[in-house]
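Letters A, B, C and D mark the chains as written, and numbering starts fresh at 1 in each.
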Amino acid sequence: MEKRKICVVVTARPSYSRIKTALKAIHEHPDLELQLVVAASALLDRYGSAVDYIKSDGFEIAAKVFNVLEGENLTAAAKTTGIGILELSTVFDNLNPDIVVTVADRFETMATAIAASYMNIPLAHVQGGEVTGNIDEKVRHSITKLADYHFVASENAFDRVIKLGEDTNSVFNTGCPSIDLAAEIKKSPELDFDIYKKYGGVGARPNLSDGYWVVMQHPVTTEVGSSRRQIEATLNAVFNRKEPVLWFWPNVDAGADGTSTGIRSFRENYDLSNFHFFKNMQPTDFLKLLYNSKGLIGNSSVGIRECAFLGVPVINIGSRQNARARGFNVIDVDYDEKMIADAMQKHSAVKKCKESYVYGGGDAGVKMADLLATLPLRFSKTITY
Amino acid sequence: MEKRKICVVVTARPSYSRIKTALKAIHEHPDLELQLVVAASALLDRYGSAVDYIKSDGFEIAAKVFNVLEGENLTAAAKTTGIGILELSTVFDNLNPDIVVTVADRFETMATAIAASYMNIPLAHVQGGEVTGNIDEKVRHSITKLADYHFVASENAFDRVIKLGEDTNSVFNTGCPSIDLAAEIKKSPELDFDIYKKYGGVGARPNLSDGYWVVMQHPVTTEVGSSRRQIEATLNAVFNRKEPVLWFWPNVDAGADGTSTGIRSFRENYDLSNFHFFKNMQPTDFLKLLYNSKGLIGNSSVGIRECAFLGVPVINIGSRQNARARGFNVIDVDYDEKMIADAMQKHSAVKKCKESYVYGGGDAGVKMADLLATLPLRFSKTITY
Amino acid sequence: MEKRKICVVVTARPSYSRIKTALKAIHEHPDLELQLVVAASALLDRYGSAVDYIKSDGFEIAAKVFNVLEGENLTAAAKTTGIGILELSTVFDNLNPDIVVTVADRFETMATAIAASYMNIPLAHVQGGEVTGNIDEKVRHSITKLADYHFVASENAFDRVIKLGEDTNSVFNTGCPSIDLAAEIKKSPELDFDIYKKYGGVGARPNLSDGYWVVMQHPVTTEVGSSRRQIEATLNAVFNRKEPVLWFWPNVDAGADGTSTGIRSFRENYDLSNFHFFKNMQPTDFLKLLYNSKGLIGNSSVGIRECAFLGVPVINIGSRQNARARGFNVIDVDYDEKMIADAMQKHSAVKKCKESYVYGGGDAGVKMADLLATLPLRFSKTITY
Amino acid sequence: MEKRKICVVVTARPSYSRIKTALKAIHEHPDLELQLVVAASALLDRYGSAVDYIKSDGFEIAAKVFNVLEGENLTAAAKTTGIGILELSTVFDNLNPDIVVTVADRFETMATAIAASYMNIPLAHVQGGEVTGNIDEKVRHSITKLADYHFVASENAFDRVIKLGEDTNSVFNTGCPSIDLAAEIKKSPELDFDIYKKYGGVGARPNLSDGYWVVMQHPVTTEVGSSRRQIEATLNAVFNRKEPVLWFWPNVDAGADGTSTGIRSFRENYDLSNFHFFKNMQPTDFLKLLYNSKGLIGNSSVGIRECAFLGVPVINIGSRQNARARGFNVIDVDYDEKMIADAMQKHSAVKKCKESYVYGGGDAGVKMADLLATLPLRFSKTITY
């Protein structure tokens, strides 16, 4: 029997981290052949060159697609998606996959979904059914309505996809593959490397031995005009606490300019002797860093998922993670300096939070690979109501 | 107060017919400015040059976008959509509309939906919530999840859009604007022109005075391989009945080749003395033609909507119109010569069917214009569950 | 030593025929690896699906690129080229060739030239330096100014490329690879197949045993408005002579509509009992057909090149082949029924013309492969004056 | 008589400065209507938002086209051009200009040339016939072969365009429109504004009253790998001289990363108390700044053109300006610290150089407008040899 060709399109650094164990499981599955396509910001240096990590992790790349239109505005996001469709169609036409896998809900993942579904290639969607703020919200559910299989990460998401009119036989709660990596890390979570040496970055190099905070805050596309004010609330709160802060640059999105400008301007006006800035980090190292931190501040989904599993305290700011299921580790706050400061104070009282399995137990990748190997191939469906 | 700029993107001849009264109502509304964009097959001669009708109807065209990629295969459909996004983004950036309107569910309408929603322009979707077979099914609900306002055509569709998690305040049963035109036609439905003279076409010119059938059957994109066999069932059934047949060419879609080839081959092998073939017809003339016919055969939505209102007997073939609400005029059949023949026989017993208002009462265009003038502008939403 | 990767982009049926022996020579060269990219109309059924011949000739296809925008107008030609650049860049980025080869002067070959030269990939241009009418004229010399190596087909072309400011070391008169095929055919030129049976086509099937004419006339892009009138002069001339005519459909170009419409209309109005129409033919069969014909009529470059070598009488109509070097076989005429008729009469007096080696002697493919294997790699140049 | 519609496409800040007086002359010409299209980096903040200057100069913008693909690599340059063609075709189709004007030789100007020439719109090319290093060299001459009219800037360029086979009647030595602006500046060249206050920028704010140097050095696309080393030679030379330096960031081009990285790294490792960095400046202010400086260092064409006219000493580094005609003001040097330092020393001995009219006398814009109003419209040509 010929192996099923599974084409996974990775378009951004965070998506790669999240899907990595699934890629590994597909690659190692006896009945599957992995066709890995790397596109969009995953190819770009200023968003952390996921492509380099992908190669150094030993994956072979079937095709690269440069499609990020410059501008960091909303027009550019739309055009990036249009170019993505144009080129991924050619890629799919040349690779001829049996199933295409699209990950999560970034705007450009819609390109994968449209190219595959329009070409009658069965489409699997990872991480549908969640609720967030942002354009991601529209994109995610819109992709659900194009996808033929749904690999969701929580019970809550499972129920929502069913409510969206998808057939019960097409929805599977695999848990989130990002938890798989966290599960491995939990086995030996020591911060066994010098982060400054290994990752460079810019700014002061505060001593981390008495604890440190990690910040990762992305702009929210539906609130473009406010992104500078939003980032300043966070900057002020963590600056005033005077504890070491490891700050990660936001990923590419309309509004990044407001966020980036806010950070740069703050840096010029204040002596940030307790801040160090990173562009990115290998996922495993990042999870170790989180595990050993006083907590994560911002609006990254890592705080909601991996940190729930790892019991890392999280201060989740604003609407971006919205109604996603929570573990026991999250304090939700507004873009408000005082609320952020209070939450930091509160979290400082504990070392770790209770661990939660709301996003799965660490076998999502293997479950997905097994499903991809056995699901009946189909590319047509009708709404259930 | 400045007028709201309403940008409507028309991508195909049938969409234009359907939305025409809404365009007129927007154009005439004191608080609205119409920005009409004509794109895709609406610009192409071999799909009936809707653009010519649009101009002769007196509408000013704000921008034209050529984006149909050649191939009549599924890759081309995806790429056409990608190019559409790329270009419509520029058009929207230059026109700067307050609301964008996208019509129905053809594959390329997704380009309008993505460009507008990614650019944070409030998006109104006309004719969501219906159920059909085909890639249209995926596209339609996917657009619903991107749209901010929903102008649906029936109660049934209204309920479905609500179930899809849309806010009740954003869904409006306006009825279908195609019914508006039918309502006008009903006032004086005489076939007051010589169709052969006015529209040319090819084939024999059967005498229509004792009645005639109209056929319009489109390929179904999820059943590409079967399109030739499907069209042959219809060809055989109508050929054998030996009554006059006015046949309309299918619109552009992957699979058109199978359908077209089937028709051409049939034409070469049989003496079709009772067939005449048209490429297209002005909507008002087409409705008059239907009104005075023995019935419509095929899978066009006109049979489900306008014909329900007009009481024209319809034989609806296959899955394309699926679960759309029916009036009293439709007999649903498979791609089966005998079933089609039997339905023709059955319909022949009556002259007209009972009229139905399931798709509205003829004021959809005006209702839409009023809504577009008064709805609060918004481009962000959260699923209701 | 690693083999040099030579990427040849084929975008149309006639280009494939012309370059075929070079492809073979590259494929068989011990120091070269052929990367064959098939794009544009070479992939489309209605332009003769060159891709099928390419496969049946045993070449492996490295990538396919669908980029023909529908419209058959000039806007579509530009957009086809734009999409070509967008996609070929990705293809080149993925294939990483050492040299890219672009063939001749069709509008879309510019896409290959731009993608390669902008990406600093050494670019070889086949058949530069010739003079014709048409947009081809602009395209051809424009590509010369982008190319790093020039494989020209005649002394005349050689001189012209040098005059254009190219370095003598970069220009090589290889002869035309189309002659290679003609040289093979000349060894056994019998029409050893039933053309009607093998190629189908439409129209009458005149008896060919007493001789026949072949017609191949393409629209000229700078004379779009006149293409219908131009084709009618030819139709009238060959119709009135009442000898068998084998007519080949024009290839895709803006204006094809005028040409095609002219032919279709003529066919409807006259009883063309001596005409048969073909869409396309395998190059070897086509050359045999020409070899045994009374002559070729139209504006195809085959008349200027292969027919010069084979001594086939040619009536070359209009400006399209312009100042290309001529052998002894061509009578040049205007788009004028009488001039065409007179030339047919004149050519009828001879069976064959004197053979000419103005376009080489049959070893162009091998010469090109040898050059591609040994030329120093470079992608930068300065004009020589 | 209807006015001729002249569509000028501006794709970058420096091109705008250069063409500005022509835009003004076209706009003011009684027989012409200006259609100004702003595209590519001219729309982007990080390349100086030429679009803002264009608006504040009072020009109306007919269309904006975002087409810069992110990557700052060569693939991105090719794709940017492809997208440009795709979109400019739509723009031209909607604007329907009588003549399109493309400026100079940046890679993306090819998009304008292809869209216009393929659409049979007469194309005027400004600044053909010059010789430089770089991909610009290929692009420039390639555009010459597509263009119908040539508005060249010097006798030298005039001769070269004729040698390229263009008809004498289509080539006009108008002089360079950039000189028009310089001619105005020369009338009152005082540095009558506070550059730090007006333009911000970063770095020290050295006192300029005893003189200062201006640096503007762009990466050279054919020497991508060397751009960092190249910029360091300049950095070292000007740093060591310890006189005030006003440094302008390079424009967008493949390789900008190497150049930018070199500058950033230097800035981090040295105390640049005599350096101030600007992103951009209004052209008139920039010319005043140059006029009052000790000289311009780098490889900008401003040094070759405007500075020749103004008599500003220039140290021209490397191959980028290659064989362009020189006035009396230029010392050409390699990417070599010592050579640069020596040239600075030599130029320091004089205050101004002798003025030269090699690039015209200040009426290029008016000359161009007059030509555009009167030239016969044509879009077809044949090489002259």
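The working rule: a contact is a pair of C-beta atoms (placed from the backbone, for glycine too) under 8 Å apart; a residue touches a chain by one contact, two chains touch by 3 or more.
The structure presented is a predicted model; accordingly, all values stated were derived computationally and were not measured.
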{"item": "Chain whose Cα centroid lies at the greatest distance from that of chain C", "value": "A"}
{"item": "Centre-to-centre distance between chain C and chain B (centres being mean Cα positions), rounded to whole Å", "value": "42"}
{"item": "Separation of mean Cα positions, chain D and chain B [Å, integer]", "value": "51"}
{"item": "Distance between the centres, which are taken as Cα means, of chain B and chain A, whole angstrom", "value": "40"}
{"item": "Chain D: positions in contact with at least two other chains", "value": "66, 75, 79, 83, 86-87, 89-90, 93"}
{"item": "Chain contact topology (line, ring, star, complete or other)", "value": "complete"}
{"item": "Interface residues, chain D side, partner chain C - complex", "value": "74-75, 77-79, 81-90, 92-93, 107, 110-111, 114-115, 117-120, 131, 133, 135, 137-139, 141-146, 160, 163-165, 221-222, 224, 322-323, 379-383, 385"}
{"item": "In the complex, chain D residues that touch chain A", "value": "43-45, 66-71, 75-76, 79, 83, 257"}
{"item": "Contact set on chain B toward chain D in their complex", "value": "63-66, 83, 86-87, 89-91, 93-94"}
